[in-house]
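You will see two complexes here that share subunit A, one where it goes with subunit B and one where it goes with subunit C.
Presenting the complex of A and B:
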């Protein structure tokens, strides 16, 4: 997209704050050396074994997510504002979930339509009336943000279920420190390595009040066939907690126990990376072999904390997203720090008509979709594709929202033709504990490696970058 | 009518199980026309029976037992005083807004066949109560009772397409059609005193409830094409069978599981026939 805001270079050719050194360093560094560093980085990633599986792609079951060696830089003032906005956003999401699973004040007040919640597939009636410790629903959120200019951050998506990608943030930093020690010497980059400690502290803080002072935490994974299994084992290792599958756990008298070689051990907090549907075959899908029978009984009895809570998906639904500014105002009486992308809800007749008329300039998404699947990028699609998509929308309007195509900011990226601007987004990870909110400075920058492409998802050919928040 | 219920669920395992976990929705609650005189749940093994109320207002018991288990018998029994309320449910606290009962679940999703049937019936009456009776009659007419063709995992779509099923399937089809028409509907599990004198049954009973303006929740039993009478005992309600299932459980280890269910509903003062 021509004319997109570049995060390093101003239109007059000068560098933006924070990028001064990097800009001149890039200009002075021969491409051969960058290529060499990139090869080194790739070797390191292969040695670490960080891979991901792409659904529906049987040829390349596991491959390395492409990594760009040029860091993306945010200055301290930029980060301060962004993190203030993220904190507000996640507090609002937690307040919203607490409300809709109890009194539903925001629905009664007519701010959010009750139908949108109560008929939402990710709303879990099983959670209604359950009082969670500290009203804490979303302990780990990955909020996708983008920028279009120097001033504002827009939230693109709230990932309130089991957001992934944090292992890339940590690995990217580790690799960058090894291949560019000289660059780190020239910048005061805020550390991200403490993420595992922060996560563990967050998880322990939300343990049931009846749990021992040092609660036992475990990570529940669907197993090695899951595309994020690497991350699950990586995090369990970094946190020093057990990585368990459903069959390693059992419920006895409404408490959760883990089978160990020394006998059963009681679990207080389960960092679960398994979707609601599969958690407990006695409550949800009866055919789930991945879950723990009776887990919801233990949960309702207050004997285990699930992170994230069950039923958080209703908050990251893209139709609910469109109400986020109102949600922030309703609970806090303050203006949202982060902007929302204007969103047309196809469930509303006027919006539907507008969307169908303007498909060529809009991005259309499924309300519950993720990973870049099931979306239409109007300007990039041909007429036939758009017409076919229009039929899909008309068949089930409730299932779609549309947004203008944003001119996402670009960041210098080392591609085949040299250093060129590529569109980026950012997924910072927000940890909400009983005591406080913790955000390690940075996050996962995803970059659309194809020229002009706006799709940053790794499943759609996107790559990642290390994200530097400068400490001064 | 004073009814006496005896409901025994017996699992036997050829290879003994190491342990088992069960969640029970086997305890009726009182409301207008239904008074619980006495009720008890028995497990044939030592265990702690934890009782809670689920968000739909059902009484839920959960327990775990350690083996080796070659059998596990769960018994629910008691006496209930009933009155004919012409199918109208009163005196019960509703915990959810009605719109929750428009949710589609896997077992109550509708397809073109169900929607066409429902739309067709909807043209015959503008009155919701009347329409629901017509819908119940239509389903009762189109589907045949057959215990061999469906199981507890059969969806409304599957049952309607083969036109056969048990009370659970009839109820799911009614729920799917009502929700398609924008009428909140839910699944009810319970017991039925059979007027034909057969007191020994192989399962409990199931029917549907739908929301009618001015009346509240009204029961419809499409398997018998009538609204609940004083022969009906209402035990649990949910969005579908899974939410009201009398027993959901699993065992660890063991094998060769077989299940036998005995239900009897008799008039309390009468000897068992």
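Presenting the complex of A and C:
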């Protein structure tokens, strides 16, 4: 997209704050050396074994996500504003979930239409009236933000269910420190390596009040065939907790226990990376072999904390997303720090008409979609594709929202033709404990490697970058 | 540690040990059939190989006749045989992937590289040189894994469970190899230095890599009762039943010391070990009968597997 805001270089060719050294270093470094460093990085990733599985692609069963060796830089003032906005956003999401699963004040006040909640597939009636310790629903959130200019951050998506990618944030930094020690010497880059410690502190803080002083935490994974399994085992290892599957757990006296070689051991907090639908075959999908029969009973009895809570999906639904600015105002009486991308809800007749008429300039998404699947990028699609998509929208308008195609900012990226601008987004990870909110300075920068492409998802040819927050 | 983790480690070792063992059985059988009939005898070595690998029944459901190609395919490559070398390595690698954080990086690299290497062979056109190359690579992959486990693992329960798998599987394998050939070891059938038996006997030793060990221990020509003594009762011989049980007992004791609790598996292992320690090879042949002794041992060994499973792995 021509004229997109570049995070390193201003239109007059000078570098933006924070990028001065990197810019001149890149100009002085021969492409051969960069290629060599990139090969080194790839070797490191292969050796560590960071791989991900792409669904429906058996040949490429284990691929590594392409890594771009040029870091993406944020200055301290930029980060301070962003993290303030993230904190506000996640507090609002938690307040919203607490409210809709209890009194429903925001629905009564007519801010959010009740049917959007109660008819939402991610709304869990099982959670209604259940009081969670510390009103804590979303302990781990990955909020996707993008920039379009020097001033504003826009939230693209709130990942309030099981957001992934944090292992890449940590490994990218590890690899960068190994291959570019000299660059780190020239910048004061805030560390991210304490993320596992912060995560563990967060998880322990939300243990049931009846749990022992040092609660037992475990990570629940769907298993080795899940695309994010590498991350699950990586995190369990870093946190020093057991990586459990459903079949490792049993319910006794309404409490959760894991089967160990020394007999059953009680668990207080379950960091679950398994979707609601699969958690408990007695409550949700009866055909799920991944979950634990009776888990919901233990949960409702207050004997286990699930992180994130059950039913948080209703808050990161793309239709609910469009109400976020109002949600922030309703609970806190403050203006949102982070902007929302203007969103047309196809469920509303006027919007639907507008969307169908302007398909060529809009991005259309399924309200519950993720991973870049099931979306239409109007300007990039041909007439036939747009016409077919229009039919899909008309058949089920409630299921779609549309947004203008944002001119995502670009970041210098090392591609085959040399260093060229590519569109990026950013997923910082926000941890909300009973005591406080913790955000490690940085996040996962995803980059669309194809020229002009706006899709950064790893399943669709995106790559990643290390994200540097400068500490001065 | 999680029971599932212990179970995966235990079976990871068992499958690798089985792959290694099957590779040796194929190797020994193909040597024997390469000899003139007047030396090797007329028994169907391929059928014996299947029996030694415990795969005869499964084989017969799929094939009519046991010949070179069908047996090698079934024992080494077939995905229909869950104990074929390829299946074993694949299962082992899947297990390793599932418990990756319990392994050292050296172990993971050994099993992963071994699997990628073996995966390239599809079993077609397995002439003798290619078969040799394949079997060598299998043995090397297992050695590398075993070696990296020995050199890099912490000596804690993770290590103990992986060792238990090795020795339980190995004891079973050695007993089966002996049992399949027990008739050629019986004194009644042992001719006086007949060429036929000599090659059968050396083949048994070769299938457990013990031909040189025999000469070091006994400094004698091959005698069937000494072969049985070496593979059953000699604790110095790493593939003998006695050595396997010395190890099984010691690792099970280490586990019970770490967990502060004993159970059926410690008691079972100890009683089998005591019996092996108190046996003399003459009694095995004359009073109990070699075949009966081995059949009994295989059942007891299976019971120990069951006890370990019930005590720790579920």
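Definition applied: the second predicted complex is superposed on the first by the 472 of 472 C-alpha atoms of A that agree within 3 Å, B and C clash if a C-alpha of one lies under 4 Å from a C-alpha of the other, contacts with A are read in each partner's own complex, and residues count from 1 in each chain.
What we mean here is this: a contact is a pair of C-beta atoms (placed from the backbone, for glycine too) under 8 Å apart; a residue touches a chain by one contact, two chains touch by 3 or more.
Quick caveat: nothing in here was measured; it's all calculated off a predicted structure.
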In the overlay, answer first, second, both or neither for which of subunit B and subunit C A:127 touches.
first
Between subunit B (first) and subunit C (second), which does A:32 come into contact with in this model arrangement: first, second, both, or neither?
neither
Greater subunit A contact set [subunit C / subunit B]
B
Of the partners subunit B and subunit C, which touch A:335 in the superposed model: first, second, both, neither?
neither
What is the contact status of A:182 with respect to subunit B (first) and subunit C (second): first, second, both, or neither?
neither
Contacts of A:350 with subunit B and subunit C, given as first, second, both or neither:
neither
Determine, under the contact definition given at the top, whether A:236 touches first (subunit B), second (subunit C), both, or neither.
second
For A:261, decide between first (touching subunit B), second (touching subunit C), both and neither.
second
Listed in rising order, subunit A residues that touch subunit C in their complex are 49, 223-224, 233, 236-237, 242-245, 247-248, 258-262
Which of the residues in subunit C come into contact with subunit A in the complex?
1-4, 6, 94, 97-98, 100-101, 108, 157, 161, 255, 259, 261, 312-314
Subunit B - residues contacting subunit A, complex:
19, 21, 23, 48, 50, 52, 54-56, 60, 62-64, 95-97, 99-100, 102-104, 153, 239, 242, 248-250, 252
Report the residues of subunit A in contact with subunit B in the complex, numbered from low to high.
104, 114-115, 118-119, 125-130, 250-254, 281-283, 286-287, 293-294, 297, 300-301
